[in-house]
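Each chain gets a letter, A, B, C, D and E, in the order it is written, and its residues are counted from 1.
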Amino acid sequence: MNIFVQLTVTGLTNGAILALAALGFVLIFKSTGVINFAQGEFLLIGAYAVYVGTVAAHWTVGILLGLLVAVVLGVGVERLILRPLVGQPIIAVIMVTIGLGIFLRSVVQIIFGNRPLPFPDFIPGGSVNLLGATVPANRLWGIGLAAVTLAVFTVFFTRSRHGIAMRAVADDQQAALTMGISVRRVFAMAWALAAVSAVIGGMLVANLIGVSGGIIEFGLLVFPVVILGGLDSVPGAMIGGAIVGLLITYTGGYVGGGLQSVVPYVVLVGILLVRPYGLFGQVRIERV
Amino acid sequence: MPLPALRAGEVRPTDGSRAHVVSRAYQHDLNGSGLERGAVQVEVDAVHLHFGGVVAIEEVSLEVRQGDIHAIIGPNGAGKTSLLNCMSGLYRPQRGAIRLHRGDGDPVDLTTTRPSRSARLGVARSFQNIELFRHMTVLENLLLGRHVHMRHRLAASLAWFGPARRQEIEHRDLVEEVIDLLEIPALRKLPVGALAYGLQKRVELGRALCMQPAVLLLDEPMAGMNAEEKEDMARFVLDVNELAGVTTVLIEHDMGVVMDVSHQVSVLDFGRCLVTGEPDVVRSDERVIKAYLGAGSEPMGAGT
Amino acid sequence: GGDGDSAAEGDTDGEGGGGEPIVLGGIFDLTGPTGDVGTPYAEGARAYFANLAESGGIDGREVTLSSQDYQYDVAVAEQHYAQYKGEGAVAILGWGTADTEALVGQVTADELPYFSGSLSEELADPAETPYNFLVGTTYSDQMRIALAHIAEDSPGANVAVFHNDSPFGESPLADGEAYIDEAGLDIASYETYAMPGGATDYVGELSQARGQDVTHIVIQNVASPAAQLVSNIASQGLDVQVTCLNWCTDELFIELAGDAAEGVWGVTPWYTANLAEAEEGISAYLESEGQEIEDLNAHFLQGWYYADLMTTAIAEVVDSGDEVTGPALKAALEGLDTYETGSSPGIDFSEDSHKGMTVAPVLEVSGGEWTQLVEPFEP
Amino acid sequence: MATATGVYHSTYTADLALRHTRSEHARLAIVAIALVILPFLATPYWLTVVNQIGIAAIGAIGLNILVGYTGQISLGQGGFLAVGAYTSGLLVGDLGLPFPLAMVGAVLMTALVGAFFGLPALRLKGLYLAIATLAAQFVIIWVVRNWDVVTGGTAALAVPAGELFGWTVRGDFTWYWIITGCAAVAALAATNLFRTGLGRAFVAIRDQDIAAEVIGVDPLRHKVLAFAISSGFVGLAGALTAHYRLIVTWERFTLEVSILYLAMIIVGGLGSVAGSIYGAAFMILLPAWIQQLGQSVGGTFPALSRNLPAVQQAAFGLVIILFLVFEPRGLARIWQRMKDYIRLWPFRY
Amino acid sequence: MSPTAPRTGPGTSRAPYGSAEVDPRQATEPILALNNVEVIYDEVILVLRGLSMSVAEGRIVALLGSNGAGKSTTLKAISGLLPTEDGEVSDGSITYQGRDITHTDAATIVRDGISQVMEGRRVFEHLSVHENLLAGGYTRSHGEHADDLDRIYTYFPRLADRRSQTAGYLSGGEQQMLAIGRALMAHPRLMTLDEPSLGLAPLLVEEIFSIIGRLNDELGTTILLVEQNARLALDIADHAYVMESGRIVLDGPAAELAANPDVQEFYLGLTEEGARRSYRDVKHYKRRKRWL
């Protein structure tokens, strides 16, 4: 039992962080149709920014710095790299984000070296006893923080007119323009928000594994998450995150043998065969 | 009656006489139907189709005869396109059958075949919104119309020399005839994406024709054209029917075209078939006027 | 194909400085998955040759190290190797298990002495791999030493080996298990668990190990994942004694694991703890960098001494007046007297064994530093 | 394909030929001569680079058949390469087959495995399919690593040097001819494929899958076939790697490899055989060049040399970004534009 | 378009929907004018070659022309959509209410009161009918939506029934209504419609045209209409332009044009005697005579 609780909490923490990372991905995809393969690097940059601020001053400074860097990064990437590619084949856009990932990763390395850094623990440490299992407190905090962030984002998108504007842009950019929706503004907003959610996610990962390139590998798990939940679904990102997080820890805990890297994908394919657009993904309308 | 094929540079009569129509003779028979003219080609039998709660087609029955241009008209959302989709296997109706008669043995039920098999059986079509292979040339699009008639062997394809090349040449011959018939020889090597709307519609017709169809389904081939362009397109549809004898099912909203061109007209409304009959009969049907033509509409096609 | 043509140019014209520069190749991981320990190792080797160049090379003959990052990518390693061969390199300082194994055939054919970061025992048999030299105690021996120590310290222990999910990680697993029987160690159970790359935690694997009532964990991995594992153990409240093998017995491990590192054992032939005093070259380096001996990473020393050992062999060949070629170097290495580093047991190769060392001490983290717990011993 | 301005054909046969103009023939001849001279001029290092390009080109052509021509994104390339390499290596090592036969076996085996992992393509499209093929990548590598008895697990698999009529085939120079020959045949076969009905059907599926189905292209058959053909090419590349390198390790076939191959065909040009080759060359030469450049510059700026690998990586990423921002349709398109420009030179517009 | 202007319910004539101050029927001042506009796509394809036209406030103006003449391009030039298609106005100017809007961006132009109903409907397929309408009201504040929605649902009762349906699954006619309704949500002074009758059944075409008439009549919205169905377009319009190959070749009051023999032949499909030609009797393929 206590093993189960332990695994579940661990899985859910990872899931929550994955959901945050996936949220950024989904935002970008939803409104701009871009598949951002640099999401892992966004996490990494977020983690370093928060780290620098925290080490230099205080964790509040760290978070502010992180958010600032996120917005600048998001808007900058949109402006300089993706805008020229509007209307180009999607796969070229994918490749650009891969190139962007390589670039960002290397720049971080040039500045900070590739030595992993211990993340200052500003989230309370220690352990809590939960249903007979010893659970690290920072994981519980992580779940809480992620949940709050996700809730805020969800409300923002379902309640504000920006939500509809974003979806409209995703459907048909030109038609959205004729509604007076500024496609550029929507794009910039999507990228900035995605970067913000990545900063929060990156901070949480770093809190667990330290500030290092390992964060990027963690970021790779975003893909099964978003596919499982549906590429364009915010709730999908959350559920997908939880499922993938749990799947990985349960496989590790009950099966082992390195199957953690395989099982999520196999399960994923199984689910996709039943629901080709993920659990909550929008079904593409194909009429002739 | 083997008349000489049109040679390059030959001038067509432009005075509106029918002369040029018979001046063209073709080696290949574009009509894939083995039936006698007038025999029942397609039999739609009590077809019912719904999407969730939306009923698209409700107990529709009708017959299309070989050699006819059979128009299907009806308000938007009446289920016309859905009916074509059922015929070409894209939609699977919940009830009913669509039988394709082929002259050799039992008819085939089209509602249970996959689209690619329907194509093999001789159902060819064009689409309401042009669905061409945009990055390919006109020629390649038309050759794709020959897909069902070609043998596709991997080894031969990889090797090219030998059977693969022979086959390409063989089928190119028929394709060239279609190109000639539709008067698009200058466009042969152009990517279709770059063509004007009207020409794309024509290429789409050509692609379907290359399949040597038993029945040709055309979904609004003249939408978005002005009177002059419609006249051109109508002429091609007529030529295909008159020269090659291809059975044609035509969805069209322009009553002028429908009344002038078709032999039979079926009217759908809210998924039901209101009436099937000759154009004149249909035009004066009260229900049709009410549901579709509009009471205030001037009698179209009059004055012919 | 291309023969190694460096030999032909060996002693063409003896103008002034003592002949052609001697080229060595370096295949290092700086940015790949093992970059955390690969970087100090590479720095050590590079610093050594920089220092050597400053002090005038070997008898006035320049020795250069041509080295590049290969990101732990086998294909890139092969590319670098081919390049060094083309440049007329006479020996190679390599890195990972996978690439060392991938290159072994070529190395043998090209007759280039090869020092690798990998201490996989499979590479230690001169009959099979005559040009590979293991400058250190093999992973298998490290494992044996760790197990022997555990068995002696707490009989009836349940041992779990957590290892990198790669040839490097798996290298000592089977040998360790076999050794328990051979040596009749009092170890109740021995299980192995792969640590998947990119994992944020090893809670799953630890849960499995719990099923085995684990009392001791041996880690065959690099510093960062090892530190991660140790933190997980702490936060789970698991009471186990952890032992690191050589790639995580270093300063980075302590820094990353923080308090959780306290009391962890380490088995490695390379350690700073008993470096009585830095030798000239190292102190020069430290001075230029403004650092103290304490700042040095164990892997830096490892890189440094690999380079020094190779250079010693080259000097031997140069002194004897022979051409510096692969076979000559091989002979020199095998003929060297025991080579003392000051921070490891002595290194000794012979024609029948390319295991440089057979002993290693057991260290322990105490007060945030690695200290020696048990004198070096042979398993 | 070039718009054949001013070129007329009187027979279908002539019209179907791959090359029409004299300059096209001349270009081909120049390339052929260059390929023959190359190995005699290249240093050993550059020869291995060229060999790598040759192998990568075959793999990239294969991937392009699937991604560029048929429109099915695949991230399983690394896995398929592994299948090819292991199959061929094991057939020679364990069964003692002569290596050309083993390579044929590897091609067939990889095609089979590819077809199997292509089955989800029936239901899945776009990125959803891409992630499903990621499963192929992970599953194949997992099997390779855990099926110890056959593959030797995580340890490297040593492949005996290829022998043919008592002659041992080894060395970069010898392999240059084999690899280049295979690459040429692969390029030709792929080109042929896309001037026949089968290849056109693939492209039709990419452009408009519903319309393709309605004109009689069976999606099941063709998608799976595309996976099989593509994997066959990839299997050949894998097999060549095994026999050329004489060692097979699973670490050579990671996800990064899959992504690298995707990068090749995107940078080279999707749906272009020549583009696959340009892309393979570009993606292999670029890091090699950056590395050489970095080394020569590194001496002058010691501060740089410390960060050299990261700087090189950053440059690599930056080049990809700039390249795609400048020309998202790849090298093939740039080349095409250059040709058009020259052809039309005095009369632009 | 002052947001505070009082509004009355639908059906009330002279509702100050577009402009509160001027009775549009009195105004002769053109609300929109194009002067010698030249449009180039991809920096090489010259599509509009010096096109000039003007639209008087409160009128319905029709723009006719064959496929590829550049009608849609003209509308896109007005609404600022060209940059999204690699096109640009390379010469000439477009003025709206006396201000130059040639290079203004699309979103601003909508705010200024020009709404476009694009060719081919272009509804947001994955949004519901209701959300499509809300997207149309993006430039206005939330509070104003309720009245607008009511008005549009009264104009198009069919849309009210399908309020929560995904727009992609609507039939063609319903999508067209939605597209018009969506454009109305922005309270345009000038609405441009690109082939609103495309693919619609005769009855619906009549309906849409009568609604266009009502919009103009009741709300005073100025309308620029591109249409292939020349008969209907000339019926409803006050003024009409005919364009060929990127130029205006003919213009005048709609009734006058309808009587022009060339227009009759090419756009109305009438024979020289003024009777409708049967499609069966048309035998010649290439008989284009063009105005130049």
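Heads up, the rule we're going with is that a residue touches a chain if its C-beta (ideal position, glycine included) is under 8 Å from a C-beta of that chain, and two chains touch if they have at least 3 such contacts.
It should be emphasised that the depicted structure is a prediction, and the values quoted were computed from it without experimental measurement.
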Common touching chains of chain E and chain B: A
Neighbour overlap between chain A and chain C returns D
Where each step is a move between two chains that touch, what is the least number of such steps from chain D to chain E? 2
Contact-pair count is greater, between B-D and C-D, for B-D
Among the chains, which has its CA centre at the largest distance from chain A's? B
Distance from the mean Cα position of chain D to that of chain B, given in whole angstrom: 42
Report, in whole Å, the distance between the mean C-alpha point of chain A and the mean C-alpha point of chain D. 32
Could you give the separation in Å between the centres of chain A and chain B, each centre being the mean of its C-alpha atoms? 50
Taking each chain's mean CA coordinate, chain A and chain E are separated, in whole Å, by 43
Using the touch rule from the top of the page, what residues of chain A touch 2 or more other chains? 106, 109, 114, 220, 257-258, 261, 288
Junction residues of chain C, two or more chains touched: 30-31, 165
Which parts of chain E, given as residue numbers and ranges, touch two or more other chains? 169
All pairs of touching chains, each written as two labels joined by a dash: A-B, A-C, A-D, A-E, B-D, B-E, C-D
Touching chain B in the complex, chain E uses residues 64-68, 120, 169-174, 195, 198-206, 228, 230, 265-269, 275-288
Touching chain A in the complex: which residues of chain D? 67, 73, 120, 123-128, 131-132, 134-135, 138-139, 142, 145-146, 210-211, 214, 255, 259, 262-263, 266-267, 270, 307, 310-314, 316-321, 324-325, 328-330
Per the touch rule, the chain C residues reaching chain D in their complex are 1-2, 30-31, 66, 68-69, 71-76, 78-79, 82-83, 85-87, 98, 101-106, 122, 165-167, 170
Of all residues in chain A, which touch chain C in the complex? 3, 6-7, 10, 14, 17, 106, 109, 113-116, 118, 127, 134, 136, 205, 208-210, 212-214, 217-218, 220-221, 248-254, 256-258, 260-261
Quick one: which bits of chain B touch chain A in the complex? Just the residue numbers, please. 81, 85, 90, 127-129, 131
